[in-house]
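What follows is subunit A paired twice: with subunit B in the first complex and subunit C in the second.
Take a look at the complex of A and B:
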């Protein structure tokens, strides 16, 4: 056994695979545990098949980006190991997603709850954009919710870098209801604004409790958007008629958002409208959204631990060993986890030390 | 750039020091006649990656990434125990996907077969079915520990420099087609992750291209494993100031005109004063002082100088590397001194050709294989075998 294999076997031993919980196009997801601590994890086994066509593009992207991105509001890739002919991604375990919560009719959302989810989404997204990564598939069921209430952006299978201007990109991304008009018009050069549009749609969905712009086909999607927000004029969005797949859709009048979102505050509607600006260059950036007055006005965002949870999530979490963790606030929960898992602790500590370390040699080293 | 460099896997896990690098070649050293061949092999493999990459029409950045993948793979493996040709193909295939320039596996296999079967490589047993390459890709990803984000000097180069005529630099423009209107592309670069310098250095026409080519050339060495890419970019700019005639003239002019007091200090140039000072006067804006610009970057200049030295050392080595049948192959930066091809292989200033290196590589791998077989016989029980070796045998 060579050194690489040995190291891999070591890593593999740390993780125990339990039952299968889901299956995607290129991966099977298992529930698992960290052997030393019992901490719950999700293990995503990437199917390599009979080595037919190599690794799936989505798998490559997911691994590539999650390997680098570490942020409280982005799903954490804890480890990677190979077993025989499979690649296994060890991810933190998250029991529910925003879609489940939106659909759970038993739950009542306060404006402060919506504000909290939006803040966490923007924080995670700002981190992606700061690092030049487009997510390109934001939707409620890709926003996972941890047991402590933290929201985490997941599924980087469509993500890509956008730092190089002029790289042609595909417009066949983002689930239709969350897809911005520039992509529907076939734009091949786009930016972080595409993700912001998706967040705007999610924002509206949190208030409406039903998808805001649910088109039945790509064509119908544009119509749905224009019906809701008015057909853009050349002034609203200069140059949009020159986009590759532009077709005139018909004239729809602008209706104030207020008509639909009757209970929303002025701040709320202002931020929402800034996410849904037609001209991509004028759409608000994640960074600016975070300092929008919406987030600083009353009511303040709910603490993650106080957010509404699915019934399923509660029952799943209760009988397990993290019982006490659930009643505590998010912060103490994390602390406790650290104390009970020494390997994890050393890892974080050395990571911190490392980060502190290279603030010094930064210039020049 | 997929993340902050200082937090990246590239910086944290894949920058090694010279000693480690030497250590990783320990096995190969046992089977090679002259250690210098290993340096030549580094060039040889980089050329192969570039050749296959061009065949596949990969972007320069994807080729660069493939080369880095190849170097990282051989931080953990030895040439003699693996089949570098299939590793190269897998690197190109994986890099094409990691850099969003996907090519079909079938094309990689057929192009690799075509390129590698030619003289002087003569690889006749390159597997023709996709599954072998896909399997190798899997081992490659595993060996790379899934760290697929690679930083390159190109971005730093474009962030730091612009052509003074503002016109196209083929290298840059090739990646910078005109954007569409109304889509919100911001061309501005993010905050620099090092240093404090601001603004851009203006290079004369083709200056930026020369720097770009120097960066391309650095992939023939192992510099990408040793130093952060932005420092390599700055070293390339520094070398451009010295080697590129037009840039050099500008530098010399600035140095000459910036007063007798400072002139010449640290300037690598012998300034031809009169003509160039007139040129400097002709310029509308006050000329930029490239040395001051580099100094303001607030990076370790001694380290940049070290890298520049290593790049020059690489060119010196590369001058002795001759494509078969091409007596005047060589570096773009300098004229190559004419030394006739010598069939006496090995060091001491003689040239080395791909044919010779192919023979060296074959010999190394055969010797390793024999030793392995011997080991197997004498111990009487199977020794744990390197997976890649197994496959090499199966393929061969």
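Take a look at the complex of A and C:
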């Protein structure tokens, strides 16, 4: 065996796969652990054999960027190895995501909690942008939550570099509800401002507990945006009518954010509105957002360990013997290119969870 | 915030390139000679195993001869990129991949022709300039899609899956932009002195044939290329960045001087005849286990197949046993059995 293949085999041996936690058309995600320490990990196995062009672009992007980006608020890629025709990404194990938390009706969010999640999102994003990387798919289910409460940006399958003027980029990125108007109008030259719009939508969603701008089609998305924020004028957003896919959508009046976000502080609404500025060049940068007065005003951000957690997250910390019955069934197939175990299998066991003491950190988590 | 108190690491210093792909020239020589002698030992043994005495007549390649062959294929990357009209980033990335590959492998195991084609194809994808494999191989004589695909994992593994590369041509562009805004800049410098930038860029392209990028930083190589084209401009930029007489300036000057030598010595065109002779000898001394159809190759395949068969049998026995014990869905985990790694067909 070649030295390179040998090294690959050695790496493979360091990681053990336990149960399958999700399966999609192009990847299978396993819960696993580091053989030497027992540390929990997620192993994303990408089936490469099926692609006629070899390693596919989203796997390549994910590996390329995560190999370079090391930050507390970005998911850590621990290792990469191949097995036969599969590519395996070993990622840090994260037990839930912001979407699950938002949807969990049992949880109550304090303004300080939202501030904490926003601070962590902006920190991770500022690091991406400082490294000239656009994420291009920010949404609550790509913001994963570690057992200590830290938020981590994940899924770099659509990420790319930016900053080279004159390079065309595709406008078919970012999940529709989080997609900024310049992309909906077909802009092929854009910047880090596209990610900021998504963060603005997530910010609003954390307060509303439901997606803020949920359009039913790309066309309807623009209408939904304009209905919420008013149709932009030439003064608001110079030149937008010249964008490739511009169509007049209709005239909607501007309504103050205050009408919808009745309980939010002035600082909160100020930062939110700066994320949702139509003119991309005037939208706030991640770096400036971090020094926005919102983050320095009372109430201060909650400590990550004190943030609300899903029941699923609590049970995930349990040793397996504590769980009854068939926890290993492969029924949980709702993998949306994500890395965490779906909540379904464990949610029903929250009754068990509550009786146990979770204050002690579990070994290896 | 806790993070803002720390001094920020320069972006480049956080890169995998900075951490894993910089060597001294002595280091490079050592890596190459140990790869070379390890390969020779293995191939000699394989040859002897199939035909005792047959390795005595074989003249193996030296590390320098291997390097010569790699250099020829680096120059082929430029030609192909010109043909496909790939952006410079693709070309530069593919060149880096090919060089990095041969810091982990030898040409006696893997001929640079197919490695080069795979490195280039991979580079189109990692730089976000993908084309279909068919469109790629259809335009390259005597090349099938499988020639590229078969090596893709090996190339990616050899690169440590570190696909991001920092390029000197970007640094040169940055220096050129700086030079247009320094206080000493004459008006219209971009227009009036553009041929100096072009000349620097030609030197920079030549630097790709050398080991410069494995030893120096992109901006050092860029400055050296500029210095070859116009020592005055290079000095103007350096003096703008560093106070006169500062130790870092004199250190920089000596680095630039060594890179200039390196670039100049690699700008002579590759001697095609010499390479052809090396390539002819390579046909006789390459690893027979990697020559499709050879006895050694067939034997290796048979051995691999035997191991796979053994594994399948073991798996079947395990399942049988589990059924017999009636715990098909039972305590698999508590027994510490991991999920099988090779369930490709699920």
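One rule holds in what follows: the second predicted complex is superposed on the first by the 313 of 365 C-alpha atoms of A that agree within 3 Å, B and C clash if a C-alpha of one lies under 4 Å from a C-alpha of the other, contacts with A are read in each partner's own complex, and residues count from 1 in each chain.
By our rule, a contact is a pair of C-beta atoms (placed from the backbone, for glycine too) under 8 Å apart; a residue touches a chain by one contact, two chains touch by 3 or more.
Note that the structure is predicted; figures quoted are calculated from it, not measured.
Visitor: Clash or fit: subunit B against subunit C, after overlaying the two structures on subunit A?
Guide: They clash: once the shared chain is superposed, the two partners overlap in space.
Visitor: Which partner does A:168 contact after superposing on A: first (subunit B), second (subunit C), both, neither?
Guide: The answer is first: A:168 touches subunit B but not subunit C.
Visitor: First (subunit B), second (subunit C), both or neither: which does A:240 touch?
Guide: first
Visitor: Using the superposition described at the top, determine whether subunit B or subunit C touches more residues of subunit A.
Guide: Larger number of subunit A residues touched: B.
Visitor: Looking at A:4, would you say it contacts subunit B, subunit C, both, or neither? Reply first, second, both or neither.
Guide: After superposition on chain A, A:4 lies in contact with both partners, subunit B and subunit C.
Visitor: Can A:30 be said to touch subunit B (first), subunit C (second), both, or neither?
Guide: In the superposed model, A:30 contacts subunit C only, not subunit B.
Visitor: Could you look at A:63 and tell me whether it touches subunit B, subunit C, both or neither (first, second, both, neither)?
Guide: Touch status of A:63: both partners.
Visitor: In the superposed arrangement, which partner chain does A:188 touch: subunit B (first), subunit C (second), both, or neither?
Guide: So A:188 only meets subunit B here.
Visitor: Given the touch rule stated above, what does A:83 touch, subunit B (first), subunit C (second), both, or neither?
Guide: second
Visitor: For A:17 in the superposed arrangement: first (subunit B), second (subunit C), both or neither?
Guide: second
Visitor: Report for A:279: first if it touches subunit B alone, second if subunit C alone, otherwise both or neither.
Guide: So A:279 only meets subunit B here.
Visitor: Superposition on A: which subunit B stretch among 255-263, 273-281, 309-317 or 327-335 collides with subunit C?
Guide: Of the candidate stretches of subunit B, subunit C runs into 309-317.
Visitor: Which subunit A residues are contacted by subunit C in one complex and by subunit B in the other?
Guide: Shared contact residues on subunit A (touching subunit B in one complex, subunit C in the other): 2-5, 8, 48, 52-55, 57, 60, 63-65, 67-68, 70, 80, 82, 85, 87, 130-131, 160-161.
Visitor: Going by the contact rule set out above, which residues of subunit A touch subunit C in the complex?
Guide: 2-5, 7-8, 12, 16-20, 28, 30, 32, 47-49, 52-55, 57, 60-61, 63-65, 67-68, 70, 72, 80-87, 119, 123, 130-131, 160-161, 290, 320-321, 326, 328
Visitor: Show me the residue ranges of subunit C that touch subunit A in the complex, using the header's touch definition.
Guide: Residue list for subunit C touching subunit A: 1, 3, 11, 14-16, 35, 38, 104-105, 109, 121-122, 125-126, 128, 130, 132-134, 145, 148-149, 152-154, 156-158, 161-164, 329, 332-334, 338-339, 341-342, 344, 346.
Visitor: Which positions of subunit A touch subunit B when the two form their complex?
Guide: Listed in rising order, the residues of subunit A that touch subunit B are 1-5, 8, 48, 50-55, 57, 60, 63-65, 67-70, 80, 82, 85, 87, 130-133, 160-161, 163-169, 182, 187-191, 193, 237-240, 242-244, 279-281, 283, 354-355, 358, 362-365.
Visitor: Using the touch definition up top, name the residues of subunit B that touch subunit A in the complex.
Guide: Residues of subunit B touching subunit A: 1-4, 6-9, 11-12, 61, 76-77, 93-94, 97-98, 100, 102, 105, 130-135, 137-138, 141-143, 145-149, 155, 175-187, 189-190, 193-196, 228, 231, 298-301, 303, 384, 386-387.
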